[in-house]
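Per-chain residue numbering starts at 1, and chain names A, B and C are given in the order in which the chains are listed.
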Amino acid sequence: MIIRCAILAPRAGLHDITADINAAIAGQHITSGLCTVFLQHTSASLTIQENADPAVRTDLQHWLNRLVPENDPLYTHTQEGPDDMPSHIKNVLTATSLAIPILDHRLALGTWQALYLWEHRHPPTRRQLVLHLQRD
Amino acid sequence: MIIRCAILAPRAGLHDITADINAAIAGQHITSGLCTVFLQHTSASLTIQENADPAVRTDLQHWLNRLVPENDPLYTHTQEGPDDMPSHIKNVLTATSLAIPILDHRLALGTWQALYLWEHRHPPTRRQLVLHLQRD
Amino acid sequence: MIIRCAILAPRAGLHDITADINAAIAGQHITSGLCTVFLQHTSASLTIQENADPAVRTDLQHWLNRLVPENDPLYTHTQEGPDDMPSHIKNVLTATSLAIPILDHRLALGTWQALYLWEHRHPPTRRQLVLHLQRD
């Protein structure tokens, strides 16, 4: 089944959405199956990363900002602001869709994993997710 | 069910295959479900990107060509031509498989999203896709 | 259905796990369907790459090591060793989850494709995979 889910990303960076997705799974009483999380945007991403030390997320953000800086003279797509073309590049280097098994009524993540919406634009942005939930 | 689909990529760059995949979904009369698009090659990719301003695709192509240039002295796998090893690297940085929900008889893409075959080799190349379609 | 699978990665690099996954599929007598391979870790990856010339894997490893070196002064997450933060970055640039169609009792890979566990840490490490197998 399909469930729509909107997330407000308050600023650029990694925002933990694990609880939002687990709530959708629990609401459908699915013990075991597959959850596909699909992001309907091309200037933000999905990623699964370490949920322990917040310095990991800070370093990821800084590293990717250095690899894909704003105001690179290579860019010709500039009319949507200096953070737009870098956001598209960051999107292609990361993920738009993630398929995650469901076990015991929730995402079968590892102990140190969480699911993040990685917002690449600066202003607060509402992002639309489409979840496909499949029951075994 | 499984459907095979061949796409001719006329040159390096992003080629919109949204209509090809939607035609396969419509042909099976699937209202709601999940479509997995799998590319059987390691020197091309799949990506979902902005379908509006073509400058986005041009900039993506130029940026990735700069990050992964031909004739890098690091490469030892050179016998298949100067565009082969860069193509493998570009493939690992992007996607080989994409799972996309199906809604209203087509891919549940956002307003500004299209699905692209990202060809990394120069000559015209026929690429094989395997689609897995699942009906809810 | 869900199957757990543990892989021992003896060192950093690409380790072919195609036979392990195909054995799990064969054990369930699935002719056609979808296999989702999910890695429960954030310092290793999954990738599908060329299975022919081993120089491709060597070049991939060397290229990614150069792009994401150890001891970069940008890193603040350093307490788990010099190979830890680079491993997290390598993970976000590659894949944690791969959905692959099943055909003729095995992964529907192309002729030159194999599925690899890409270990980014140096010491031998046991990695947990969760497979979701769906029968058509």
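The working rule: a residue touches a chain if its C-beta (ideal position, glycine included) is under 8 Å from a C-beta of that chain, and two chains touch if they have at least 3 such contacts.
Keep in mind it's a predicted model, so treat the numbers as computed, not measured.
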Contact graph of the chains (line, ring, star, complete, other): complete
C-alpha-based rotation, subunit A on subunit B, 0 to 180 degrees, nearest 5: 120
Inter-centroid spacing, subunit C versus subunit B (mean Cα positions, whole Å): 20
Set of subunit A residues in contact with two or more other chains: 93, 95, 99, 134
Of subunit B, residues touching subunit C in the complex: 1-2, 36, 38, 40-42, 67-68, 72, 74-77, 79, 85, 88-89, 91-93, 95-97, 99, 128, 130-132, 134
For the subunit A and subunit C complex, residues of the former touching the latter: 32-34, 47-50, 53, 55-56, 58-60, 62-64, 66, 93-95, 98-101, 103, 108-113, 134, 136
